[in-house]
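Each chain carries a letter (A, B, C and D) given by its place in the written order, and its residues are counted from 1.
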Amino acid sequence: MSTSGIKAGIVGGTGYTGVELLRLLATHPQVALSAITSRSEAGTAVADLFPNLRSHVDLRFSEPDSGALADCDVVFFATPNGIAMTMAEQLLTAGVRVIDLAADFRLKDPVEWADWYGMVHACPDLLGEAVYGLPEVNREDIAQAHLVANPGCYPTAVQLGFLPLIENGLIDTTHLIADAKSGVSGAGRKASVGTLLAEASESFKAYAVPGHRHLPEICQGLSAAAGGAVGLTFVPHLTPMIRGIHATLYARLTGETDLQALFETRYGREPFVDVLAAGSHPETRTVRGANTCRIAVHRPQGDETVVVLSVIDNLVKGAAGQAVQNMNIMFGLDETVGLDTIALVP
Amino acid sequence: MSTSGIKAGIVGGTGYTGVELLRLLATHPQVALSAITSRSEAGTAVADLFPNLRSHVDLRFSEPDSGALADCDVVFFATPNGIAMTMAEQLLTAGVRVIDLAADFRLKDPVEWADWYGMVHACPDLLGEAVYGLPEVNREDIAQAHLVANPGCYPTAVQLGFLPLIENGLIDTTHLIADAKSGVSGAGRKASVGTLLAEASESFKAYAVPGHRHLPEICQGLSAAAGGAVGLTFVPHLTPMIRGIHATLYARLTGETDLQALFETRYGREPFVDVLAAGSHPETRTVRGANTCRIAVHRPQGDETVVVLSVIDNLVKGAAGQAVQNMNIMFGLDETVGLDTIALVP
Amino acid sequence: MSTSGIKAGIVGGTGYTGVELLRLLATHPQVALSAITSRSEAGTAVADLFPNLRSHVDLRFSEPDSGALADCDVVFFATPNGIAMTMAEQLLTAGVRVIDLAADFRLKDPVEWADWYGMVHACPDLLGEAVYGLPEVNREDIAQAHLVANPGCYPTAVQLGFLPLIENGLIDTTHLIADAKSGVSGAGRKASVGTLLAEASESFKAYAVPGHRHLPEICQGLSAAAGGAVGLTFVPHLTPMIRGIHATLYARLTGETDLQALFETRYGREPFVDVLAAGSHPETRTVRGANTCRIAVHRPQGDETVVVLSVIDNLVKGAAGQAVQNMNIMFGLDETVGLDTIALVP
Amino acid sequence: MSTSGIKAGIVGGTGYTGVELLRLLATHPQVALSAITSRSEAGTAVADLFPNLRSHVDLRFSEPDSGALADCDVVFFATPNGIAMTMAEQLLTAGVRVIDLAADFRLKDPVEWADWYGMVHACPDLLGEAVYGLPEVNREDIAQAHLVANPGCYPTAVQLGFLPLIENGLIDTTHLIADAKSGVSGAGRKASVGTLLAEASESFKAYAVPGHRHLPEICQGLSAAAGGAVGLTFVPHLTPMIRGIHATLYARLTGETDLQALFETRYGREPFVDVLAAGSHPETRTVRGANTCRIAVHRPQGDETVVVLSVIDNLVKGAAGQAVQNMNIMFGLDETVGLDTIALVP
């Protein structure tokens, strides 16, 4: 770990996105982990909470004291929603780049944000400055950004799947359907009956069908691509596994095109989007631990409904990996540095 | 077990639908299990292959000798596709009722059957006589039937979810979407790399997106309800659990209605279809081992897309339980006899 | 459900042993469920908390008001440790039989109890009266008992495995080893990080190696059988599954015997202990949902170490099923009534 | 990948140890993968069989043609037992180092090998030359070796747990007990009913209690450490997870010692053995994907039985990772190069 590397801090590193950031940053050749804060675990060695990090991370959790954080080059917020918006301004003023893995800066409209997140936004002035950190869309803006809103897990998988179709005006965007399935780590590392192994294993269910917070985020991104409002039905499901999101996307084609070529062209230069051969079915396990989004596009029975299958690891390309990718871009590094984990199979 | 009960035989009882039939029939108060055949396991005690049946089932597998089967009142085929069609006629002639849990008699059109199943149908003459065994649609015909085609697992969950909407002309039937998720027992009890725990656990994938054999079966049923051809995109997925199907159904509403009342009315007298309260999300585990289909209906964000969530145990309401339900109807018993298993939770 | 049946009440029915009791009692032909209490869920319909019970259980949770409970013939405590001991006396005085599924009455010595459970025993006077509810040992006493201490899950599996050897003086009882593995439902239905699917799935660990509360309970039972103190090393492990305990027991043989015949003779008349053929390996899934203990005995390589494999469903023979078995005995019913669930396989 | 690096070949790379070797070697900075053979998959791109390797491995499987292999610096055998012994001699003659991940060269006695593996050994002459590749015991010999027998998964976990006690003469070695639990990937990537998700999930069982092939291998290693024959009862179990071995070891102490200090001293300089603090319980997930063995030592209740808990990833420290570690030693590299994967948690 180069002493001249990027000094990185993490706020709230006791959850799953936090430990995943630690895993990625600990072996990142250009990063020096300098602070990780947690009010509840202050004083505890990180490796005592996460023994997989023994011999890799020597830090202890510290109080979220902005003194230590202000000394960083970049600070990641791996906190619950509503924390980053109270601390970001001070850090930005101190010249620190901020990457928020929570939702505080994802929506441009503070009223809509308040509606979905149930609290008033603490710093609406920063919403305009924040860049939505989906590199496949905003790479250039990210490179200039001081404040990046790292996308949600579902929004990453869904947007990457729909974008080639929408950007090229090939589908009816008034009735999009995103049927998404997530492993339970998406619910976070907090005590809860519903995600106990004894409750969530050997079962499958939809949840939040009336409305999920990722709906407006996805709509915002797809509308930008469509150049106008889109209509989306988004149904998330809980799958009995730890990691992985599988988004199955449906839309009606409004024109003829070579779907396979469309996707291959759109993502041909993207290091972390892998378009599978025609007829393929991506498995979430092939991206477990990796920052890759694997996509396949189908047109079943030759009908006018196109089906896109898009898989990511919700904690990597859907959270910590994408955050590191954004950091690489923000600091002018090769975008793939520190992100070469090969998925564990089996 | 009454000696004056229904004498039941099972052909091909070494797979998952077979052992599930055994579980249900062994405790059915009106049934005497009299024969179970398996060419590969002839001579083996059933309880040696399935130790959960120790002290409950004393039979040994026998050669599929139609002598013993012809002596039964009812014979269940829990065989691969293509077996029942070669044996049914002889049994029917001998006065035996036949319930086929495989696909041989599900499609009315032998040409379509041959296209999807890759073999010529051995007894197309019986297709007209066979009754499709979905009691919630065909109860009266089943009561008179000698040959019942037990529905597929996906078709049961999907049809029960769409029927109230289609029967009442409330949705656009040209663009139906059924996104279905199944546990791996649906793939059967046969050695296969793809369904090894080390392959299928901790992963999620779609499969057979270009075309699955249950597609024409579902379309046949929904078209009958619609009074005309329907258009369906059907995408099955493999979920890392043993039992359970969750079908998430999407359609555009073409008229206004009280969706909750519609479903409650349609299924109010059905013993095995349970409509949940508005806003609910059924979990597959609540039907594990039970013959119940649990359904919830949603209209997210008040938009015109209706979402139906329908869950069954693929081996019970999706196979063996429905077969017993059909037998009960065929023999004039209370439809629920022997089907009172409460799902194991947790 | 006969109105003249046994009126049963449950205190604390919101946990896993509670819902399992409900599953078993709801279909028990001689039992009328008359009250189920829960302070936290008072007023909630039981079937709203446990949708698998919809149409099977119509009760609502009520406040733990001893008026309603005092009207029962039998009251089951499916509570945390320390509750039954504060309520039992009043119920017993009212003529109610009490079966405690928690640990309050399992140890005879109140000082030892206080050491392991961290609280003073509230009614040590009842400890002498309480009968330890392991029917395979205490059937006659249970039949006369008013207060039954239902055994722990590990103690059931371990004692049933060791008893034939110890009762016949065939092993060195100073160095017994019980290596036990449990599914996570043993930890109960309470919010906890350690048993989240994302934490406990795809992992295996030992816990409580320095000392587990079931250790003194097992030692008490084995010492009684041995006619003197025994030495036991007991190591429990957490296994990534919902239900099931597998105890692997090790002891040194001190004499020659036909081990297979020993076990078959000991348990030949026991309805819920199933000794497998020599050379077998019981699987926990074969007892999932069933009240059976399956046992196999081995002598690897002909050496002097005997290995016993003993499996139960921790929530059935290890808790609710054994409680119903005890109730059947206490009320003079056939011991197996209501306990004929066949394990779900697969 | 340096063109001047070690040219590595893999024979039989279609199984789980093969894909794991590929994962590790593909990112190893000193290795150039030059050949991977598989008779059944010759011509197939490796990444088509294992999509997690897309963009990481460009090779195709080739026929096991010793011409290509003979051009390598090192050849790994990730084959079934009995293959390496027919090919090793030719490769060694050609100057290639050979590391066999199967069992062909693990036992020194060809008669014992034939007894356990059911075939005559094809090259008993090489058994003396082969070095048993447990670096924590044989590091110096491995550095000089041309032929390394990579240890089995169970033997690695069990030996590392027992060694400090045996080497110091602290336990009675006549009655050792190793109760070991493995994830199902240990059974390999081959079609099999017993390891289907629908069979092996939600269940736990022992297997091969009468005798497992790893028994003589463990005894050979422990006897060498003890300076005389040891007595071991070894019981393997199948756990419903993909990766991981947890060995729970029992022995009687024959002398007093500071167990914690003993283990910490023995492994203080070992890069891949991590002794946890006193009172700890290692979890297999903390080594998932990592080459680490985590160990904790206990003396429950202060009795004379010592309990050692030892966990590894069966495919890494128990197979491919240890093979790479051996390769590093054989070629004079830093032993840890290419082996810095941090375990995925959660």
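To be clear about the criterion, contacts are C-beta pairs under 8 Å (C-beta built on N, C-alpha and C of every residue); 3 or more make two chains touch, one makes a residue touch a chain.
Every value quoted in this text rests on a predicted model; they were computed, and no experiment measured them.
Touching chain C and chain D together: A, B.
Note: the chain lying farthest from chain D is B, by mean C-alpha position.
Our note on geometry: chain B versus chain C, Cα centroid distance of 36 Å, whole angstroms. Between the CA-based centres of chain A and chain B the separation comes to 39 Å, rounded to the whole angstrom.
The distance from the centre of chain B to the centre of chain D, with each centre set as the mean of the Cα atoms, comes to 45 Å.
For chain B, the set of residues that touch two or more other chains comprises 16, 183, 185, 189, 198-199, 201-202, 240-243, 282-283, 285, 288, 346. The residues of chain B lying in touch with chain D in their complex are 16, 183-185, 187, 189-193, 195-202, 240-242.
Against chain D, the residues of chain C that register as touching in their complex are 175, 177, 179, 181, 183, 198-199, 201-207, 209-211, 215, 231, 233-235, 237, 239-244, 246, 248, 250, 252, 279, 281-285, 288, 298, 300-301, 303, 305, 307, 309, 311, 346. Here chain A touches chain D in the complex through residues 16, 19, 23, 26-27, 50-56, 185, 189, 201-202, 242-243, 274, 276, 282-283, 285-290, 294, 315, 340-346, going by the rule given at the top.
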